[in-house]
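Structure in structure tokens, see below.
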Amino acid sequence: MRFEEARHREGASALARLGDLADRYRRVRAFSERLSRPLAVEDQVIQSMPDASPTKWHLAHTSWFFETFVLSAADPGYRSPHPLYGYLFNSYYEAAGERHCRPRRGVLSRPTVEEVREYRRHVDRHLLALLDRAADGEAPEWAPGVELGLHHEQQHQELILTDIKHAFQANPLRPAYASGSSPLTPFPLPAGERGLPGERGLSGWISYPAALREVGHDGSGFAFDNESPRHHAFVGAFSLASRPVTNREWLAFMADGGYTRPQLWLSEGWKTVGAQGWDAPLYWEQKDGEWWTMTLSGMRAVDLEEPVCHVSYYEADAYAQWAGARLPTEAEWEVAAEDCPVAGNFVESGAFHPRPATDDGSTPLRQMFGDVWEWTRSAYLPYPGYRPFAGALGEYNGKFMCNQFVLRGGSCATSRTHVRRTYRNFFPPDARWQFSGVRLAK
Amino acid sequence: MRFEEARHREGASALARLGDLADRYRRVRAFSERLSRPLAVEDQVIQSMPDASPTKWHLAHTSWFFETFVLSAADPGYRSPHPLYGYLFNSYYEAAGERHCRPRRGVLSRPTVEEVREYRRHVDRHLLALLDRAADGEAPEWAPGVELGLHHEQQHQELILTDIKHAFQANPLRPAYASGSSPLTPFPLPAGERGLPGERGLSGWISYPAALREVGHDGSGFAFDNESPRHHAFVGAFSLASRPVTNREWLAFMADGGYTRPQLWLSEGWKTVGAQGWDAPLYWEQKDGEWWTMTLSGMRAVDLEEPVCHVSYYEADAYAQWAGARLPTEAEWEVAAEDCPVAGNFVESGAFHPRPATDDGSTPLRQMFGDVWEWTRSAYLPYPGYRPFAGALGEYNGKFMCNQFVLRGGSCATSRTHVRRTYRNFFPPDARWQFSGVRLAK
Amino acid sequence: MRFEEARHREGASALARLGDLADRYRRVRAFSERLSRPLAVEDQVIQSMPDASPTKWHLAHTSWFFETFVLSAADPGYRSPHPLYGYLFNSYYEAAGERHCRPRRGVLSRPTVEEVREYRRHVDRHLLALLDRAADGEAPEWAPGVELGLHHEQQHQELILTDIKHAFQANPLRPAYASGSSPLTPFPLPAGERGLPGERGLSGWISYPAALREVGHDGSGFAFDNESPRHHAFVGAFSLASRPVTNREWLAFMADGGYTRPQLWLSEGWKTVGAQGWDAPLYWEQKDGEWWTMTLSGMRAVDLEEPVCHVSYYEADAYAQWAGARLPTEAEWEVAAEDCPVAGNFVESGAFHPRPATDDGSTPLRQMFGDVWEWTRSAYLPYPGYRPFAGALGEYNGKFMCNQFVLRGGSCATSRTHVRRTYRNFFPPDARWQFSGVRLAK
Amino acid sequence: MRFEEARHREGASALARLGDLADRYRRVRAFSERLSRPLAVEDQVIQSMPDASPTKWHLAHTSWFFETFVLSAADPGYRSPHPLYGYLFNSYYEAAGERHCRPRRGVLSRPTVEEVREYRRHVDRHLLALLDRAADGEAPEWAPGVELGLHHEQQHQELILTDIKHAFQANPLRPAYASGSSPLTPFPLPAGERGLPGERGLSGWISYPAALREVGHDGSGFAFDNESPRHHAFVGAFSLASRPVTNREWLAFMADGGYTRPQLWLSEGWKTVGAQGWDAPLYWEQKDGEWWTMTLSGMRAVDLEEPVCHVSYYEADAYAQWAGARLPTEAEWEVAAEDCPVAGNFVESGAFHPRPATDDGSTPLRQMFGDVWEWTRSAYLPYPGYRPFAGALGEYNGKFMCNQFVLRGGSCATSRTHVRRTYRNFFPPDARWQFSGVRLAK
């Protein structure tokens, strides 16, 4: 649903849904708090690279979003707790004014974690009051902004997890995010399943005939602007792997010189391999001849049956070259996903890590949703007829349509209520700190 | 025509065409020499940025290409004049071994210009002898390599011009490449046409209906691997501007704050504007309130009716935003080009600069070919079913399919015999030193 | 006193002084804690530039120093609380093994502030027990290491203040370190003294005749290795300014184009002015046409009578050029300091900021000690006959004798018991974040 | 002799010396031409690093020096051949206006080599005419400028050699500057002397008693401003090695882990070793287990008895640490040089490379002059009472007195008529491309 059209269309139904919106607001906001609970105050301040942000910055920025795009517009009496919060917690909205330099978010000790929590409570009080007042009158035009703000906050919940994972790996002490004492149950790996020598089953190929298809979001329910409009696309015959590439398969790629043969790589990818010294997925470490990986629950031996994770587009593409296959286009992925339920290993499982595929017979394609984001070979570009959200929110997605690739399907750090079949995630081809994996096509 | 298939298919006809090939070899090689003739020895040594190369490097590298991909394979007795030439003049072929660092090509004073010319003569002697010997026997399997080498050399002929233009601008003395004494006639701008206040005619829109189309090269005659295979694509209804954007229109964009309003720009584009201090197309300079531009024939006042040139994808996209339009996709461009003759202001005109559109009534679309390369909004990606050339030549195109955009149609620095309707040129979105311009779509 | 000689010479007297040493140990260690008390947990984690370190790193590193250079040698049963603390808290001692990358100290959230405090208590328990046991027996050879460790900790106490000042300035909220509620009394600026238009008295010149002098430390009491040996130096006739340059004088320099005239500057200095955009001392900001400065007690209008502070060697040298004078050599400074009591505005005053000179008639030279470190024109080089401390501690001072300049006299952030007439502080010529000022000579 | 005093003092005698000056002008200028003769046009254009300059730039800049500091002042009718030559060929004189960016000197193909030669002839004509006219009248006040210009040109003659050596090493073809056909006789290494296993004699130590000395230039004859004034310095007792460190000794240092033991190095030096990957002097290469070195006459096996050359201050200091010695101060060097004739292996020998010491019994100290510049442990700082040349020429030396070290004695690339006992050369501690070596002291 496009944001600006939404303002009008929502009308009648929105009113009825305001109560539901307030409930969801409370749930989503509380989940952010819950995610930060296992962290020490010190953990919430640090920034391990320019692309990542401190936890407390995420907690504040998502509040700033409601403040800026809902409260400031809807409530003339609203005042931010501090006149500089707008400067500190604007991420990239040029239309919302100057902002603090992104790579320097980790040098801000103030506001403190407690002051940020107070900021959240301040915004919550005003926003819930606003929703409460609106319940008596006409459908408010700011309601879609609340909806957008919740999806926005869910995106940052995923980043809270990926960013703290990156930060913890920068520390030789290798702190664990989730432990036994965590309120979120850690990933219970089935006994006897680690590093089994036997293969649990080859990936199969599922075939799809050539056809003129429709892809993109049809306007029923929430979607980001970049998923619209729904449009025709000719999709040639293709086959999709029945499950993502596993660590076992990735180790075979590595053993076959995957990271040392330039012929397999895109030119920019090969440069990155050299400059960054890549020889395995991010977070993998070799100890005594065995590969270990850092997870949010601490260091673990690499599980051979898990989907490979934390690989870049460059690596995904090189792997596909090596395997004599290719990555799917996003249209192919979307066509195939039509028959798959939006279910899987999402953040709610508390695993915070991809799990091996299980064959429950329910669908030929396994793990299309959850576990790992799947790189497509589609550059992140506007759909035919794309129009960005109106106003400052037009900067939400459109201005990043350059030098990025689309990922599909969500990961173990994504909320189940956040993802869709038409959902287009995007990252530059060298990004590895997201839970990103590979599904082959041919 | 795909290179490896070509080896077989060429068979019968190739033999008959060998004589023609030798003729074309002589002509193309001679044109490289001709292009370097107006240059001093000193001019041919320098390198003004990592993306550009010295003239003498282009002259040597194109010879190395024939040596490596034809002579070394076809003539066991062939010896390069120097065992290190392979190291010095390999551009980016990993499979062809180690090579000299690209940004350091300008620190190589040796081989001298004269030694490079001798290298060229050495290669020419052997290659023409090879062609001569082959004329008596069976169709040789290396013949497609000669064909490819000629198209490769034509690409570098264009780079000789764009690179020396960049180098000359780095010199405050602003040397001119083409002057009255040049063997190539300089661009004779019609008298009284510079900076006319009146507009010479608005651009119109040519409309095309939605349809399932075929795009890509069909295999008849030479084409690069990246143009194949010909495949179906659904192209929605669209309109294309009847001519490229002119300097007059670009000045209106600038006057309206085009370079100062972040809302018009892609995020990466806006960063580049700031980092590079862009406020006009490359080679424009303001003197006494008037805009001048450096051309290969020296400094000139900006001609309002010429197509704007030396703009990046970022600028092209921002302009389109400002104009309420967009850039075409490469499929749209190719569909529209079907009715246009491959004719226009190419390098053979000796102008070395785009010319104002003329309405000769022959076609509703003007300047589709020649004058300026036209940025499309299509990322440079493999066509469905794409297979690179076999062997080391597989690195020719495929490994660059990342973070680049496609340009179409050729420029005033392109050879007429080099370009095609299906031709896909590609550059990163911040590149400006090619003769690149803008045609709008909607 | 040289460290290794000290081990033998200390002998008899050391035993008697062990009780005193334990007392001083407790006092110095407690002062570090006291300095960190006004800080939030968040403040103690951040690092605003590679040259600065987080508060908790300073607190841990100084403990590591005792652990590594005393406890590990003297107490075979001693165990560090964590096997990686040695890696995390080694600053630059190659002989003590690998260490964490300096510019990445601010990405370490663990150990937490509380864990660092526990580390300090752990070291304190063991070190005080060691001192206690030693009181019964022979003079221990590790006692000079304790002495050195205390002076080392005092150096880091000064850095705690200068580093947090730098970090706070990186935050647009401009937090204040010391406020009314601080246990350390903030600087009480006398009423009516801010920005007085009248000058409080010109600086005079004190003259010294040419003579063959002795400079350097004579071995009585503690000194760093770089202050020895005492040696002859011919010091020509010179005059020294009776007080440091004031903000009033600095503003005159600025008003006269001080930061815009390359003729006044060293070549490297002028490059730095351009690259860093310097136009005033560090921490100065212009608001409504008036100059303000950030202090550890918050923002304040620049006090005209205070010594100028937070200027680099480059600025100090340019100012001297402008004033028709020069900076003193360290030998000149030391000769002049012979008659001055080691007294002044040190960290114990709780001002954390330089104060205006007062003329109490006690000495012709004012503010030689405390307030601001004074740049000399002497490069930081070894004295004739210099020998570094033995073993790993040889890295303490000697390996930095390159591309740095000597500063003398201590500052408002230095402990009174830390500085000496022969004390040689040193920083690179572009460093500004120390409390560094200027005294002229001619 | 200080430049401004010179203007008055020269008076009477200058007139008599003008004829001599014209002779020397012709000789020095001709020698620059002679040095460029073995070079191809291409060689004279390239720049291999920011610190080095193209040959043709040196040839033009030295002419610009006479133009700017003599002709423009002395001859109101003088015109430069091109209004932009001042911009292109000003090196670093802020007072002489804006200038071309130093690291981009290698992108200037124009003026061509021949145009630069014409520039030189233009300046020569006018300057010799000026000298000729002046011979009839009063002593001209610009005469010291001519004198300075000649010494300046001799400095650039040395740079022509060191810079082209660096440029040639950047080329895998390893061109040789001087060959058999060169007008300058190449270095004839005595037969049978390469890599002799036997040692040709240990270096001895020459001792000097402590004394109050006078150092610096006394004003008789030409000297740069930085050599004045002559002043007292107390120089403690010291010993100086009888000859520079040889390659044989350097190989022992390398074999003993010289480049791998951080304890031997200054902190900045050790960082540079790591960042630059130093494991031997510049221009050394290992082939088949043997060390070779690039010389201006081509590649050669390292001669064990030659003074080690092309080492930085960092390396010189580390070597001295390893040898249990130290580098001399510049005062010590100057005291010792008092008894040595200014004679040795200078550029006039045509060797362009240091030679092994020979013991001709004439002096206990060998090779104090020529062969290699000798690093001292003295930072390059002003002498007490230093005053720079007046006007723009004040930038000649004074503004570089920061982060550099003094070298003494001249090298095989220095003109014999250029160097003096009081001559202070200076380079940053990481510079290696000069002919710089090591003499130990203790």
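Going by the order they are written in, the chains are A, B, C and D; count residues from 1 in each one.
The rule is short, and it goes like this: contacts are C-beta pairs under 8 Å (C-beta built on N, C-alpha and C of every residue); 3 or more make two chains touch, one makes a residue touch a chain.
Please read all numbers here as calculations on a predicted model, not as lab measurements.
Steps from chain B to chain D, taking the shortest chain of touch contacts, total 1. We define each chain's centre as the mean of its Cα atoms; on that basis chain A and chain C are separated by 47 Å.
Per-chain Cα centroids separate chain B from chain C by 61 Å.
Each chain gets a centre from the mean of its Cα atoms; for chain C and chain D, those two points are 39 Å apart.
Not a single residue in chain D touches at least two other chains. Shown here, the protein chains touch around one cycle, each chain meeting exactly two partners. If you check each pair of chains against the touch rule, the ones that pass are A-B, A-C, B-D, C-D. Those residues of chain A whose C-beta lies close enough to touch chain C in the complex are 40-43, 45-48, 82, 84, 87-88, 100, 104, 106-113, 167, 170-173, 175. On chain B, the positions that touch chain A within their shared complex are 92, 94-95, 210, 212, 231-234, 236, 262-263, 265-270, 313-314, 326, 377-379, 381-382, 384-385, 394-395, 399-403, 429.
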